[in-house]
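Next, two complexes with chain A in common: one pairs it with chain B, the other with chain C.
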Partner chain A sequence: MNDNRERQQLEFFGCILASATHQLNNVLSTADQVVGLLGDMLAAAETGHRLDPRKIEDIKDRLLVQVRRGADLVGNLNSFAHSVDRPQGEIDLGRLVHQFLSLYERLAARRRLELNKALFAVDVGFQGNPLDIQHALFLFLEVLHPAARAGGRATIEVRQGGKGAIVEARGGPKDLAIDEEAFTSLASRLAAIVPAASVTRSYSPGGDMILALHFGNKQAAG
Partner chain B sequence: MDRVKVLIIDDEEELVATLLERLQMRGLPAEGVLSGKDGLRKLAEGGFDVVVLDLMIPGFSGQQVLQTIREQFPAVRVLLITGHGAEPEGVAELPPGAGDILLKPFRIETMIEKIKEFRENPNLPNSKTAQR
Partner chain C sequence: MNEGIKLLIVDDEVEFLDTIAERLESRGFLVTKATDGEIALDAVKHDRFDLALVDLRMPGMDGSKLLEILKSEHRFLEVIILTGHSSVEAAVECTKLGAFDFLVKPYDLEKLLEVLRHAYEARLRRKFEHDQERLKKLAELATGATPLSILEELRKMDDGVK
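Let's look at the complex of A and B:
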């Protein structure tokens, strides 16, 4: 691996870790305040206020939600970290994108990307390297940042395509725009860092722009 | 403390709900919203003295909300909260226009102390450090 590629992979890891730990901090902060609320109620009970068992049950449920949210996040973060160890192999792209986007969620929200997970087809399988695929996804999502205009929305979809798999970002003329320079830069960065991936740009009859990331079946960029 | 009405702006729904309950248990009237746009709409209705604002809200960002508050609601004091607390010893730069900043997770007592300081010292200069 050359220094440039290594540095870019480190930057990619850093961004994902920053996003995921930010979310984790939110989970812990919320749980901390819920525990504080329980403490407030116990303190009130000591001064003669009635302790309502239904309220205690409610607090227990609220804490459980945060514990499960945190556990999911840590599980996805752990899988992401171990993707470095995993060699080339059969990959379910829908599952991998779902997992990756849970870590990228905070960044996605700031980019106004509507991540419609219902559109992530299951069993979209192909041979690939999980780390490279996630790096390609990251580059792909990052280029959408300046594209999603204020108040705009881009929908992400995962599907089988040809002999490989495709991740698509789609948006109307007021939602998505990507200039030639950004598109060319994405295509060349993908070619340098994740040769198994390629990117295309097209327009639907209704005028939606479709930016597609192809895995396993090289497409001519256009 | 004289009555201070607080508006919390944070996209973490459960965090907002819990902070509201805890403030209200302490006799502080408070309301909460989950986006910057809704926050500015609420402020336009009037009656709020302090805004507790998450810097990292998606969409209309915390920085944009802060700037708009300074321009349109100059009397309202802003207490920033952020999960971006990686700085050593909890020190973070305070953006211009904010009264103070708290790093998540924070103690509610610390938050109330800051609100109280705002009330008692309406012209308090900006602090340069963040606390938990």
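Let's look at the complex of A and C:
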């Protein structure tokens, strides 16, 4: 691995860690305030106010939401950290993309880009390096920007394609904008950092832009 | 002692926003919630706030940009920045740009209440000083100026006052 690739991988790792720990801090801050709210209610009860069981139930549910959110984040972050353990092997791409998007959520939100993960195909498996795939995904997601000022929505789909697998981002004219320079830069960065991946851009008859990231079956970029 | 203090809270973390708003409302603050900078700017167009609690890292317009606009258009509004551990340096920069103070999440509510109290006192003090200055100017002008020039001078003094 040359110095440049190593440095870019470290930057990628740093970005994902920063995004995930920011989300985790939000979870802890929210849980802290919910616990504080419970403390407020108990303090009020000590001065004679009646404790409302429905409010207690509501607080329990709110805490549970944060605990689950935190547990998911930690689980995904742990899997991400262990990506380096296994350089090559059978990969469930749908699962890997889903896990990666949960860590990437904050970075997407900062660009006002909503990633719809509902369209995952299941059981899309192929041989690959999980760290390289996530690095390619990161570069791919970084070029997605909403065309409309108020925010855009991209659907992400994972499917089998030829001998490999494809991650596809699709959005309408108001949802996604990728200029020529960004697209060309993505293609060349992918070629340099993750040679097993390539990218294509096309348009559906309805005018949706389709940006596709191909793994294991090289496509001509265009 | 917080009764009637109008507070704008801006944070994209909805559950956090709802909970802190609920806790501050129970302590007498009149809270308005905004989940991003644009909603916050819309709120200040329609209402006058004493204090604003602004998350630094938000989608779209970030907290430092919002601070800049709020401080340029609302001279006496005191803004407190909320931040995570990774953005403390940026939060310190915000205090140089006019933020009253910053707090690192998660923070203790008592600490927040103390900062809000100090910020409100600072707002009252600055507003009082402005009003004093205004009265002094009015007295000076009343001796020889025309009513139109008095109005013009007062308008200049009140620029950015909301």
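One rule holds for everything that comes next: the second predicted complex is superposed on the first by the 215 of 222 C-alpha atoms of A that agree within 3 Å, B and C clash if a C-alpha of one lies under 4 Å from a C-alpha of the other, contacts with A are read in each partner's own complex, and residues count from 1 in each chain.
Just so we're on the same page, a residue touches a chain if its C-beta (ideal position, glycine included) is under 8 Å from a C-beta of that chain, and two chains touch if they have at least 3 such contacts.
Everything numeric here is computed off the predicted structure, so don't read it as measured data.
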| item | value |
| --- | --- |
| Fit-or-clash call for chain B and chain C when the two complexes are aligned on chain A | clash |
| Partner chain(s) touched by A:195 [first = chain B, second = chain C, both, neither] | neither |
| Contacts of A:14 with chain B and chain C, given as first, second, both or neither | neither |
| Touching partner for A:173 - first (chain B), second (chain C), both, neither | neither |
| Interface residues of chain A shared between complexes with chain B and chain C | 22, 25-26, 28-30, 32-34, 36-37, 40, 62, 65-66, 109-110, 112 |
| Sites on chain A touched by chain C in the complex | 18, 21-22, 25-26, 28-30, 32-34, 36-37, 40, 62, 65-66, 109-112, 151 |
| Contact footprint of chain A on chain C as seen in their complex | 12-13, 15-16, 19-20, 22-23, 26, 57-60, 84-86, 105-107, 109 |
| Residues of chain A that touch chain B when the two form their complex | 22, 25-26, 28-30, 32-34, 36-37, 40, 44, 62, 65-66, 106, 109-110, 112 |
| For the chain B and chain A complex, residues of the former touching the latter | 11-12, 14-15, 18-19, 21-22, 25, 56, 58-59, 61, 83-85, 104-108 |
